[in-house]
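Beneath this line is the structure, given in structure tokens, with notes to follow.
The letters A, B and C name the chains in turn, as written, and every chain counts its residues from 1.
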């Protein structure tokens, strides 16, 4: 009997057990990874579906009134979310107003600093700002920032801008410890890292020969940035801002610790307010299982995620478009 | 009348690596000086030293002197921005500002320096674009974006942009290497027509181009990675191409390397 | 040279340079402004929280309101339980998704998965909490640690996926091709060659996700409720450090407030160590593979 091994001679020969095992391994790995990845998509779909199901009763019962009414009354089952929408809009707007110039400046700075020894530590410090947990921001804000702002900033604003004709309504002081201005400021600090990070990426993709063209014309550094860098990065910076806005809208803990959680809509920034995430956090656990309260809260959660989703998608589009301009 | 440049003992560095050593070269006013040599011989580096663009790269610096009249461009109190007000540059790849129109591109340098009079700007733009040989093609497209032109048009637009601020010296870093033959011809015509008004220094890897358009030619070489690049020979162009003095120049010109 | 009219008004070069210098100064100012809160926060937390650190702080449980002493032992254990289970869920899920995106994914599905991951990354954490509440808590009729873990998984999964995918992409393709050319099957090539090469990059991804898990309050608020006592049963309401800080900070009792600062120091230390460690590891990894 020949002892030579039987090698399969053509592809159609019976597969050896080793080959079959190898193929199965491939199917298992690719199959598993595909399954789990689809699971991720299903997770998001499930999230949206569950929220929608939970929110539907409230939305159907109150309709558009849900967004325009000021009455939030769990006892009598009347739910109008206007105060929370207002508070969310005001604090987020304040946050963007303060954070945007600082973030863009920081991003430009990190791009201009040429020595690695200075740039890397600065980058690390910005990362650290991003890593601080929300509750620590809230704790510090509550015991350090808010008292400071209430003692020095609020009276100063009331005395200066609060005397001007139109703006005075914005700076009417109140005795409350928590107010929308404080919440807006802590929010600004929290969103600086993300706006800075995305803006940096966008600025880094501006082709460097545009800067060189500007400098060869005798432009100063400021002029070169204005002429060659910023126009190119414009839509990307808008995208970065949207991402920051999305983060600001969803921030729950630090804001609820500083905003005073006061019901009602006030024109003054120095008055307490309430945001959508804050009301969800505060009322969820105690909400009764009868009545519309849970459904109303879920409706708010749905609104929140819908806006965050829109902002994330729009921002991605803008950042991509900015990275493609002119190349 | 334009001025020339006197390069005295110029060395260029990347970190601790000296890439250019003690270049001594006279750029005569009103002439076209070509710098030729194999790739890596430091010709672009030298060019970028002349308008102090070299040092804009990370870890890059240059030492020595470049005399522009009686002004040493590398004096400690010389500001690179000032240098570039007198010495312009055209780059190898066209780089018009994509967010600006054709017109805005041409007058970009002028606006920076404070020229705002609309009529004045239009006149200067037309003059620069005529000098660059691009007026007829683009005069009806002044309000179109600067990025959507053909490569040749873009490069001539960039030349117009550099000329609009009336520099005394124009540095050109292989301006036609990315262009088609017709655009190349137009660029060469422009250079020849400009030379009395502007001193031109052009880096090129195309020897025939150097022979066609330049008055003087400089040959540079980096003989090994351990030694920095150096100027081997500079001479009247006809002289250089018929009777070069250095053996290495002769070897390059006759095509034995590079 | 030119016969044109001289310019009507030339900006002096000195003015332009001054503007540029002022602009540069402004940039540095923004840097300084951004650093002030960082320094102040870390400083205050250290100053107010370190005195609270003691054996008792880590071993005793919640004191009754207004009473001295006590600690946060139940919160530490709870965080360990919740984040531990959450990590156990999200690491395999996250890594396998990343493997799909990096090694197998071509075409529409991969684009969709990546997009979904990005969206989940921007989802407010309270929404994740509401979602898991609606699915798990209502079904179980009880708040629980495991519900908290699942809510954290919703947040940690995309973080691990994105960071791991980036790190897998850094592995040079030549390595993959060399393995395949040797006749190694794809699955072995991925598991035995690509993953180990990416090694510390994956660890970095997990560290970042865990740091996030440690610091999240809102989702745990809605799913795990909190507990004054040590609980090791994942099916029961469990405490967590950020949750405890949240409650104590807003209370009127000074002892509770002190404990809150102590919790903040522990939390901040853990999160910063993980974040800085992740950055150091990732820089080293980039140097190795780049």
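Quick notes
Methods note: a contact is a pair of C-beta atoms (placed from the backbone, for glycine too) under 8 Å apart; a residue touches a chain by one contact, two chains touch by 3 or more.
Not measured: the values here are computed from a predicted model.
In terms of which chains touch, the assembly is arranged so that all chains touch all other chains.
A comparison of the B-C and A-C interfaces places the larger number of contacting C-beta pairs at A-C. The chain occupying the central position, as judged from C-alpha centroids, is A.
Once the centre of each chain is set as its mean CA position, subunit A and subunit B turn out to be 48 Å apart. Centre to centre, using the average C-alpha position, subunit B and subunit C are separated by 51 Å. Centroid to centroid, with C-alpha atoms defining each point, subunit A and subunit C lie 14 Å apart. Looking at subunit A, residues 220, 223 sit in touch with two or more other chains.
Taken residue by residue, subunit B touches two or more other chains at 81-82, 85, 112-113, whereas all remaining positions touch fewer. Taken residue by residue, subunit C touches two or more other chains at 16-17, whereas all remaining positions touch fewer.
Subunit A meets subunit C in the complex at residues 22-23, 25-26, 28-30, 32-34, 36-41, 43-44, 46-47, 50-51, 54, 101-102, 105-106, 108-109, 112, 122, 124-129, 131-140, 142-144, 189, 192, 196, 220-223, 225, 243, 246-247, 249-253, 257, 277, 280-281, 284-285, 297-298, 301, 304-305, 308-309, 311-313, 316. Interface residues of subunit A, counted against subunit B in their complex, comprise 114, 207, 209-210, 212-220, 223, 227-228, 231-232, 325-326.
The touching residues of subunit B, when paired with subunit A in their complex, are 51, 53, 56, 58, 81-82, 84-85, 88-89, 91, 93, 95-100, 108-109, 112-113, 147, 158, 161-162, 165. Residues 79, 81-82, 85, 110, 112-117, 120, 123-124, 127, 166, 197 of subunit B are the ones that touch subunit C when the two sit in their complex.
By the touch criterion given at the top, residues 1-2, 4-5, 7-13, 16-17 of subunit C touch subunit B in their complex.
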